[in-house]
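Next come two complexes built around chain A: one with chain B, the other with chain C.
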Partner chain A sequence: MNVSLDFHALLPELLLTATVLGVLIVDLLPVRKQWTAVVGLVGLFAAFVPLLTLGFCDSLAFCEETAVRSMFGGSYVIDTFSLVLKGLFLASAFLAVLISAGYLERGRFWEGEYYFLLLCSVLGAVVMASSRGLVTMFVALELVTGPTFLLAGWRKGNARSNEAALKFFIVGVLSASVLLFGMSLVYGTTGELTFSGIREAIVGFELADPGFSDLPLLNIAVLFTLLGFAFKIAAVPFHFWTPDTYEGAPTPVTAYLSVVSKAAGFVGLLVVSYQAFATLRSIWGPALWILAAASMTIGNLSALRQDNIVRMLGYSSIAQGGFILAPFGAAVSSGVTGAQLEDAFFATVTYLLIYAFMNLGAFAVVIATAKRIGSVDVNDWGGLYQYAPGLAGLTMIFFFSLAGIPPLAGWFAKLVMFRSLIGVGNWGIALAVIAAVNSVVAFVYYARVVKAAWFDPVPEDVLTGEARSAYVAPTLGLAMGIAAAVVVVVGIFPAVLSELGEMTKVFVAGF
Partner chain B sequence: MIINQFLILGAALFSIGVYGVLARRNAVLVLLSVELMLAAVNINLVAFDRYLQDSIAGGQIFALFVITVAAAEVGIGLAIVLLIFRNRKSANVDELDLMKL
Partner chain C sequence: MSSFENGWALTLIVFLPAVGAAAVLAIPKAQEEAQKWTALLFAGVSFVLSVIVAFQFDYGAADKIQFGPDSTLTWIGAINSNYAIGIDGISLPLLVLSTFMTVLSIIYSWNHWPEPHNPKVFSALILVLATGMAGTFVALDLILFFVFFEVVLLPMYFMIGIWGDRNKVTIPVLGMETEMRLYAAIKFFLFTLFGSAFMLLGFLALYFKSGLETFSMISLSGGGAERGLEGLAVWVFAALFLGFAVKVPMFPFHTWLPDAHTAAPTVGSVLLAAILLKLGTYAFVRIAIPIMPEQSQNWAPVIGILAVVGIIYASLACLAQTDMKRLIAFSSVGHMGFVMLGIATLTDIGINAAIIGMVAHGIITGLLFFLAGSMSHRYHTREMARLGGNQKLLPIMGGILGFTAMASLGLPGLAGFWGEFLSLLAAFNPLDGLSIPLFRTLMVIGAVGTVLAAGYLLWMLQKVNFGEPSDEWLEHEMHDVDGYELAAWVPLLVATLAIGVFPKIVFGATTDAVSEMVRMAFGG
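Let's look at the complex of A and B:
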């Protein structure tokens, strides 16, 4: 087998690997530990540049034009879908590092190791976007989740943080084992490791036996594989680890988990189901439909009764995961093809892009406010407007965006989701009704936080004024500023992000 | 080559592992049970590889990756268990109930 490497296409991964090693080296040097964060930020930014040169390859003189760059026998592919998602991972990781910087410095945590592990996990997510084979995908998935087990327990002396890490770890390895068992059966039934090979093998079964629809082993294989990913994206009923892990882990890690790690799970799920199991949609389509409906309903109803805002955002991210799953679960259940399927795919990717920024922003506000008043209880947030108007304003932007109120980015995400759901027949309309009810339920608890911040009186036991420092770490301020700018600009000019969503449509063109 | 007996062994081992993860209370034994599940996957992969006469030995290569990653995961898991044991003087997973609903 001839192995030829396309170094231009691999440049983001190579730069990120260099950054990971760079962070380790800087950690050894006798300089202030903050430099590790700086190296991480510069590396993430540098890794973003080759994504642009690859994306605009046809208008660049030095760039060798190839439509789809494929390596390692087709198990590593760089197309527009993977480029867009890699961009999302790098941008979210950039924000996550900014959010972490002030938090770590204050808590005297182990900064060098923290950024090392965080960037390793980002590298896994970036590899995940390109992996088109069972082995590549498995290694990428483990690279994403492995470091996050340790990050969840980063507050070593804190019992809750320890508990979060162990719960996350046990569920993580359990789901990885189930996923692997499914993958081993997929390999056994098809004899292939690359997704394109698996798809061709399944088409071959159908040609050989036209009535083929129930090779039992293959059904089990598909369901086990999807179940493994359902754990990663915290879809109901595989969600129970999420609230505990989110509450116990350091909040910047929670922000990272709820965006990058979750998005990596979604990317894996999309790639496996569309590429490998394309012709078995009658098995996994309804399964995803049920997961979507259950996730939004259970997630939202559980979020309603939470007073702890981090836990509320944990349940909210389960519910948002349901909204992200909804378009393609419904489209595939209805068996649509062509333009409608592309629309569903577009809706899912666009929702994922917008969700990343608004959720990171919401967590950044929670971190800033928690530092100010020392509490993440929604009742203690009363009267935030009176002593921290900036934070109260940002709270309104991010929580109303999560609720889907115009003119913030969240409404566009909801719009494309509903548009795609209504266009695909009865399965879609049923799910649209569930989603509509859920949007109203979700508004109740998002609005509760905003109401507390703007209208409630300041609780007596919350120290305000001079007693608490109003200092917000500049990096955290920058992160909130970037996220708020994206949420507002995308809400007013959705074309900015929807162009990126459009570019990924080619991914399902041959479905 | 008869593949059934290998698959049955793999499935049985996997089921014992799942039972162990759910029923065992000591965190170290939970880790061991996870290892059983991963061992079941390796048996499956290697058995399928021989059965299919794979020309590039894909199943065996996959199994090597699984072994490597499993070793790394156990390292992470033991680190976390050790941390918990230091703080609580117990590695009983049932006692980890600080956070509920």
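Let's look at the complex of A and C:
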């Protein structure tokens, strides 16, 4: 077999691999450990550049033009969708490294290894965005998750962190085996590894036997594959590991898990549903409809009762996952048109783009405030605005953006989500109504944090001695600044991100 | 056309305050004078521009959208939403009212900073609020409208939550005890958010299910969109109704209002009463009637009945109040009932009455809240039983209060008269097809409501202004009205009188626009 590699297309992955090795090497050198973070940041930034040259290939002289860059027999594809998502992963990872830098330094954690593992996981996510085959996707997904098992337990002396890592590991392995089982059934029934091949095989079955009465196995294959992803994205009822892992893991790792790792799961789900199982909407549509409704409802109701803000954000991210899943539910309707599926795809991608920035921002604020007052209990946040108006302002921006209040970016994410559901018939409208009620419920707990920060008096037992230091690590400040700028600008000019989402629509149009 | 008339004037009116808010936040905390002057400057320029617009407005073509950009400016291409703005005779008076009240609020705040003192954040919030209010009145795209409609929530939430009333209350149902401001702030937000979430679903359904695939209010109006909705129309109207009715607020969605008004700091109550309540009624006139005329007809009896129930209920509730500010808050529910009754008749008289009613209520109730704020600033209480004899202690303020109460109860010759009188008149003869017996009954009950309104306002005057001052005030030295208060109030007094004797100030703009809208919606 003649394997020809398109090095331009693989440049982001190659640069990231070089960065991963670079971090290890710098870690061995007799320099301060912060340099590993610097190498990581530079590498992530460098990996971003080829995304631009690939994206704007038409207008670049040196760029050799090809329609869609496809490699390894079609199981590795670089198209607009994968470029946009790679950009999201790199940008989120950039913020995650910025958030981690101050945290690690202060907590005397191992730094070189941390960035090594984190960047390995990012590499997995970047590969994930291009995976168009069962094997590539599985390898990518495990590369995303594997290192995070270790990262979740990075607070070695802390029992909760150990519990977080162990729980995450066990559930992660379970979900991987479920996914693998589903994938093996898919391979067994279709005999294909690439998603385009699987799709054609299924179309072939359909022509021979409409209704698949001879192939009940196909239903199971689809459902098990979805189930594997449902664990990754922490959809209810596969979410039980989430709050404990989020609470126990070091908060920057939690931020990473809730954004990059989750988004990688969603990318897998998007590609599998809209490409491999494109003709099996009647199976995955209802299943994901139910998961979406359950995730947003259970996630929100559980979050209402949390006092620990990290745990609250854990449940919030389950609920947000439900909102991100909701557009998949549009596929329930039998009369759904290609344009409506494109809108649903667009809604999920756009929501993911916006969610990444607001959720990372929220975690960054939690980390900065926790450093300041030594607590993540919402009741201890009282009066934050009196002594740290900047942090209180950022709390308002990120938490109200998560709640979907204009003019902060979250409103647009919610809007496109509703938009994808309203056009497609009664099941879509029903899910939209559930989502509307949920977004009101969600406001209660997001507002609780803002209320504590702005309206409540300063509790007497916080803010003593050393904790009063107003120092915010400059990297953390930069991360919050970037995220806040994105959230505000996108809130006023949503076109900045929605154009990116719009471009990914071609992914669905191709099938 | 100059670029001023070509969208820039309205854009500046809407966004200058937001720029001002950013500027105020950039000034160091200690320089309070600079913060105040910056806030006043931006709000003032915005007001002056709106007055210039009012003078340049072509009243001969008041039914046409004016001052909008010539070409379509895409805002969010992916969802086909445009930056479509413009004003006609219906929105002009409300736009001017909103910039006017913003300036007066900043002037009044000059030496009345509620506790905890923080002029920087407070003026920034007023300015953000101003952007949301003005934006709602100029938006002609449903998504743009939605965003402005929601933008007002955040500043008001913070105003109530930070500077609001710190008395303890017990939350009904939950039985928890908390501070008034916290309860009122979250209640206000949740009610409005609930309504507007469904309103947004309604907007999206209009987009997709009407078959027109546009968010433009102009393209959707005329009934074509509604016919496209077929059986879904009633649900879409229900969703819009929920969003608008909570904001108005109509009975039975009004319960957030007395709490929010009572808890808010003075300026918050003023802006809430004067402008925020108008967003809901304006949306009925701007969106519900032109876009969904048939459903408006079907729902008109319901709206009319709820409006009249609101009038009577609010009047009776007023008579049971001991707190002056809460009484004024409930009176707002009643006055908005008259506005909604006017709208429910679907006639040009009724809708004209509704608009002048909105303007008058904005001016008069705004002034009443200013007065209530200044009085509780002096007496440190709002209990009417303790305030007796105010006329002797503070003669000028008492006089203004008397005048304003008279205006509020609809005394002919003052602004409040026209809205009440004309909406009752319109109810005598509603749109063809609406039940005449029903609306005449509503008219009679509404007329009883005006008597009750006179009753509670006179009762309030009697308790607050008349009689001998109680002994507890003997020790205190009371300052009558100061310069900043006069500067904020005299324009309102003048406006009350001017609109009262010369209602053409408002009708001149609205009449043609309203009759054209009614003709478009219902023919003939």
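In the analysis below, the second predicted complex is superposed on the first by the 496 of 511 C-alpha atoms of A that agree within 3 Å, B and C clash if a C-alpha of one lies under 4 Å from a C-alpha of the other, contacts with A are read in each partner's own complex, and residues count from 1 in each chain.
By definition in this document, contacts are C-beta pairs under 8 Å (C-beta built on N, C-alpha and C of every residue); 3 or more make two chains touch, one makes a residue touch a chain.
All of these numbers come straight from a predicted model, not from anything done at the bench.
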Inset, instruction - Report clash or fit for the pair chain B and chain C bound to chain A in the combined superposed model. - result: fit
Legend entry - Which of chain B and chain C A:139 touches, first, second, both or neither: first
Inset, instruction - Pick one for A:76: touches chain B only (first), chain C only (second), both, or neither. - result: neither
Inset, instruction - May I ask you to decide whether A:115 touches chain B, chain C, both, or neither, giving the answer as first, second, both or neither? - result: neither
Inset, instruction - State whether A:193 touches chain B only (first), chain C only (second), both chains, or neither. - result: first
Legend entry - Per-pair minimum CA distance [chain C against chain B, superposed on A] in Å: 22
Inset, instruction - Name, in rising order, each residue of chain A that touches chain C in their complex. - result: 346, 350, 400, 405-407, 411-412, 415-416, 418-419, 422-423, 429, 432-433, 436-437, 439-440, 443-444, 447, 451, 454-455, 493-495, 498-499, 501-502
Legend entry - Residues on chain A engaged by chain B in the complex (per definition of touch): 1, 134-135, 138-139, 142, 146, 149-150, 153, 156-157, 159-160, 162-167, 169-170, 173-174, 176-178, 180-181, 183-185, 187-188, 191-193, 243-244, 247-248, 302
Inset, instruction - Over in the complex, which chain B residues touch chain A? Could you list them? - result: 7, 10, 14, 17-18, 21, 27, 30, 34, 37-38, 40-41, 44-45, 47-48, 51-52, 54, 56, 58-59, 61-62, 65-66, 69, 72-73, 76-77, 79-81, 83-84, 87-88, 93, 96, 98-99, 101
Legend entry - Residue ranges of chain C touching chain A (in the complex, touch as defined): 74-79, 143, 146-147, 150-151, 153-154, 157-158, 161-162, 181-182, 185-186, 189-190, 193-194, 197-198, 200-201, 204-205, 207-209
